[in-house]
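What follows is a single structure, written as structure tokens, with notes after it.
In order of appearance the chains are A, B, C and D, and numbering begins at 1 in each one.
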Amino acid sequence: MKNSFGNNVILTLFGESHGPAVGAVIDGLSPGIPVDESFIAFQLDLRRPLDGLGTARRERDRFSIVSGVYRGLTTGAPLCVMIPNEDARSGDYAGLEDLPRPGHADYAARCRYGGFRDPRGGGRFSGRLTAPIVAAGAVVIPALRAKGILIGTHILRCGGMADRPFAEDPAADIDALSRRPFAVLDEAAGEAMGRRIRQAAEKGDSVGGVLETAVVGLPAGVGEPWFDTVEGSLSHALFSIPAVKGVQFGAAFDMADAPGSSFNDPFHVENGRVVTATNHNGGVNGGLTNGMPVVFRCMVKPTPSIRLPQRTVDLGRMEDATLELSGRHDPCILPRARVVADSVTALVLCDLLTGRYGADYLGGAGQ
Amino acid sequence: MKNSFGNNVILTLFGESHGPAVGAVIDGLSPGIPVDESFIAFQLDLRRPLDGLGTARRERDRFSIVSGVYRGLTTGAPLCVMIPNEDARSGDYAGLEDLPRPGHADYAARCRYGGFRDPRGGGRFSGRLTAPIVAAGAVVIPALRAKGILIGTHILRCGGMADRPFAEDPAADIDALSRRPFAVLDEAAGEAMGRRIRQAAEKGDSVGGVLETAVVGLPAGVGEPWFDTVEGSLSHALFSIPAVKGVQFGAAFDMADAPGSSFNDPFHVENGRVVTATNHNGGVNGGLTNGMPVVFRCMVKPTPSIRLPQRTVDLGRMEDATLELSGRHDPCILPRARVVADSVTALVLCDLLTGRYGADYLGGAGQ
Amino acid sequence: MKNSFGNNVILTLFGESHGPAVGAVIDGLSPGIPVDESFIAFQLDLRRPLDGLGTARRERDRFSIVSGVYRGLTTGAPLCVMIPNEDARSGDYAGLEDLPRPGHADYAARCRYGGFRDPRGGGRFSGRLTAPIVAAGAVVIPALRAKGILIGTHILRCGGMADRPFAEDPAADIDALSRRPFAVLDEAAGEAMGRRIRQAAEKGDSVGGVLETAVVGLPAGVGEPWFDTVEGSLSHALFSIPAVKGVQFGAAFDMADAPGSSFNDPFHVENGRVVTATNHNGGVNGGLTNGMPVVFRCMVKPTPSIRLPQRTVDLGRMEDATLELSGRHDPCILPRARVVADSVTALVLCDLLTGRYGADYLGGAGQ
Amino acid sequence: MKNSFGNNVILTLFGESHGPAVGAVIDGLSPGIPVDESFIAFQLDLRRPLDGLGTARRERDRFSIVSGVYRGLTTGAPLCVMIPNEDARSGDYAGLEDLPRPGHADYAARCRYGGFRDPRGGGRFSGRLTAPIVAAGAVVIPALRAKGILIGTHILRCGGMADRPFAEDPAADIDALSRRPFAVLDEAAGEAMGRRIRQAAEKGDSVGGVLETAVVGLPAGVGEPWFDTVEGSLSHALFSIPAVKGVQFGAAFDMADAPGSSFNDPFHVENGRVVTATNHNGGVNGGLTNGMPVVFRCMVKPTPSIRLPQRTVDLGRMEDATLELSGRHDPCILPRARVVADSVTALVLCDLLTGRYGADYLGGAGQ
């Protein structure tokens, strides 16, 4: 599938950082999903850099829906959303084609595409490509919400500072996050993170961290045991979020040394429903949802584009060289990545739910 | 795809723990790959429980190749390998259908499949299904080796004990591991792990840990930027290994708080080849291989089937209950899972390489 | 996908004509479908050669279900069915490896697989591979019937002799065909066809013809406009039936010169239901079912394996040569192919219906 | 996959007849393919209606390439091409939502999408969607030509008039067709067809016919035996061309009653190459190319949108009704469909060739 994911709801991504536009096609949407353009704009806003915490590139993200929507509702045909690139400064990249940036895709991409790729602004590998993912996610997030399925992501760790983890029932936390531009549960932790990001920016350096995502309201019994597990399907797509280098479900890392007797989540009956007393498995057993919140973490490396001088090679001369980047870069991707994580999660879940419950599941089939 | 993975080399898995056999079909193999049945047997041996460290179930794993091989070479047609189940004791599971095991798939599977699933021995969710994965992997591992691509996995952490990580150039470590039934680099660490596993077994409990896998010899420029990244493609399949709850590439966790200036891997020229001085990115940039070793870790939770009494629910009566398991279970899955990780990795890489270089890449097209 | 088809219900085929067995894996079946082994045997019987009308190879087709069924019902896990090859005589093919049979896959296969393919009995290209397709079809045909969806195929034309076409409402015809070993609606036409087949066999020659298939009871609105149309999805799989060289829906050929005013099927209301007065479109408009019977025809070329001397080349010496085949061959594939057409049709429809209505659609989810 | 086709080169189609634009994304293109915008414009011109022979709707088809091309060459990233809709007159369709056009998708689409589809101008089901298919085809046709692979389509039959079939070696015919706006080999036949089309148009009626396509220069051994055969892969996509109701390869229909001894194509050696004396199999044996020209025919029904009064139903009142269409319609789709057939064929072949020979096959990897 290459630049797509999904079996029943399929996202295909196109565009480059400095081309005329970036965009996405979502195929397999149920007909009758209300499309709220102001919510798409709101979500794209969450992805935009915060003052002092992100790149100086300022895109207005004036998206347009090219297909698949009629009278404000999805039709069931592929929905194409386009976002023009308006503030591209390709000159910033002049002279760097032969100097691959450490930690970046430049060198690997040259091995993959020969001399043919578009290098401007990172081309195909730019974080700019996450904008249409967010727009696509904003089409389906309200449809999931209408089914009682809520998704939220916060910055659990950033530059050495820690937020508190999600509460056992994350519904209230998700609700609070949906209104916060800087996604933390503990606002004091967020301020400390902001200071670390600004310090890194001043030095021309960058910081990474950890995102934590929670989903509540999923029915039990969604997913496949081999190989389209909930974990495998989500991670397949999540690893495309630039800088994500690890994905873990539940408490795997915190409890690496715990015995099975502590890690297993005992079942009990609560108000006539089967629930677990703890959620160390992150809501997934045997690749299937078990009805508890699905909780996972994405490890995000520090953004590779930094202004500090770095050692690299000159690929033309095949000799060692030093790289000093100018250009506009994010010292930390986490504040912007949280809405990307929400969006990817929403799209993967729509795919799994549509496969399980049929092509009309998310829409207004009753009309 | 559900019970399959891959675009060009595709594995499809079938069978249940206590059915007549488990098996796999591999489609898309290049014609002309030598199939070494003694190596398949050797790899299946690595998956079998070690004395005192695993389940008492003893399967001889007498596999047979049903199709796709002629005169000892792959033909290019689907290769089906079958492994009969010979030591199933379904009686051990009698009376447990209504008592889902905590941490196990039982409850989620009932929500997915209604009352129709085969519950004997975990049915479709049993680790027994990894046997045909190992047999399939053993078909392609030598073909990768013939291309200079080597794969190895060791137990980095188990029950609180740590092995040393892979050396910067893991080739020698991979070679050593290929001959060790208990996969550690530091044999003293292995003995300590063995003691912890036996202690857990005596208590009727279980332990988990971390596997570390390394791949050397991959060409640079394999993978896709969105969404069939190397990380996403590998993790999609790795999360199907029972008990794997996290996958991370490179040094993401060890260096969570490091700045970009430390995390980025500087390039330099060495013997006319572009290499990096460090490998914090685990051999993958922008979703593509960069020619350095691909290194990743799988977090493995403690096996959920334990003999200690556990709280659960009686799904027939919808009331709380206590579960006391007898049956034969692994107190720790790590010693057996290492060869499964190698096999899954090999199959995913064959898929990516075949897509990149064509249908004859791994075989003997020159004949 | 190569040796598989389907998005939600996926058939994967394996085996060779003279290997130990042929088989299929069906993934994505709803849980709770009753599996009737005597019906599988009955359908496999329909595929066996009739006395004097087919090959002398006599396979008992003693299938076994390896996975995916528990207590007589599908579990929702992949169902693997295996059929051993018991009457293979590979000696019949000795000395023919360098002499490709005209009209057969031999030469093309050598170009595709080099010298590595299994040539015995046609190997992977043998009609023997249709046996597991029939077994797989026999699992789902009763599940469709339980939904009111009936499928039948007859020999519309064979060796120059014509059967009458399906009645406007083909339900009674389908019912009659289900009990006839030689699938014609007009038994006198069938006797004439039988004579032609025997005449061809006596001369060492072969004959072809046309199969006509009808499906009643499909809901309207199944399929996709681009590109998983009902026509495209069916034809994709139908062209794999050996010797099928054309697929047409409705009256395309009979009415090639008719104007739109005759070809369009006018709608009217009948008993509160929308129906069409004619069915020239074969039950499909814009790639979607319209609720009328789906009717299509497969053009079947004369079987290429004939005993008459034929011109070919010696690929070893690269010079012209003459081929005289002995061995056991079918002078006409149509009598055996009708149940293969039914089976392929059933599997494709299950795939489309499961994608449309969800993973439990065909099973017993209510249990 | 729904609105996409291909495994390695994948086309995804979006847009509606009266939406802002129609477009396509092609993923999996080799890097380094020269993109000739004037050839794209030339091919789009071939698809535009000829005076008096097609709809009065006049689209300028001012396409733009949104992504995947840099400095005139493909980059290997998804190529998105967009074509605005400029001459849509949605008023023509007012009042017709409840009156499904006979032979058209209207009724089936309502059953599939409920009341949510975009009905204007046929919406998703309009022939307008073939414009981006032609643009996408125009990207890859020159890349195939650079490999010696030539594709051409002519109108074999139209409104009862017949063109001569392709010559045994169709290369010269293909070359001649590439310059003819009305695609016939015998220009007198073309004039007769034109008269029939105009007669039908005057009566408010329409005519159909048969397209014949030939491909020369394909290597032998491309395709899969089950189920991604050359025939199955091509037909899957060809059936999406609006009004195509049948696809046949080689001489299946002309020789329906011929014995195997006439139909089989004898091999012989010619200039050191294996060729066949005849090509009744249309260049495909066992699902694989055999090195001879691939030749197939598409049966095209008369266009369903006609001005003559037709019987239909009023879906609001559920009673019989009469439909009188105004609007702008094609009395015959064949003159415009020939370039669509070429384009679909080119895209399917790129997919098969890229799967066989790797991701760089069609591009300029040597640069």
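As a convention for this text, contacts are C-beta pairs under 8 Å (C-beta built on N, C-alpha and C of every residue); 3 or more make two chains touch, one makes a residue touch a chain.
Everything quoted here is computed from the prediction, not taken from an experiment.
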{"item": "Neighbouring chains common to subunit A and subunit D, by label", "value": "B, C"}
{"item": "Equivalent interface to A-D, taken from A-C, C-D or B-C so that over half of the residue contact pairs match", "value": "B-C"}
{"item": "Whole-Å separation of chain centres (CA-atom averages), subunit A against subunit B", "value": "26"}
{"item": "Intercentroid distance (Cα basis), subunit D paired with subunit B, Å", "value": "45"}
{"item": "Sites on subunit A at which at least two other chains make contact", "value": "1-4, 7, 13, 77, 112-113, 124, 225"}
{"item": "Complex interface listing, subunit D residues touching subunit C", "value": "1-5, 7, 11, 13, 100-113, 124-125, 129, 157, 159-160, 200, 203, 205-210, 219-229, 231-233, 235-240, 242, 244-250, 252-253, 255-261, 263-269, 272, 274, 276-277, 280-282, 284-291, 299, 301-306, 308, 310-313, 315, 318-320"}
{"item": "Residues of subunit B defined as touching subunit D within the complex", "value": "7-8, 77, 225, 355-359, 361"}
{"item": "Sites on subunit D touched by subunit A in the complex", "value": "1-4, 10, 12-16, 19-23, 25, 27-28, 31-32, 64, 66-68, 70, 73-80, 82, 112-118, 123-124, 360, 363-365, 367"}
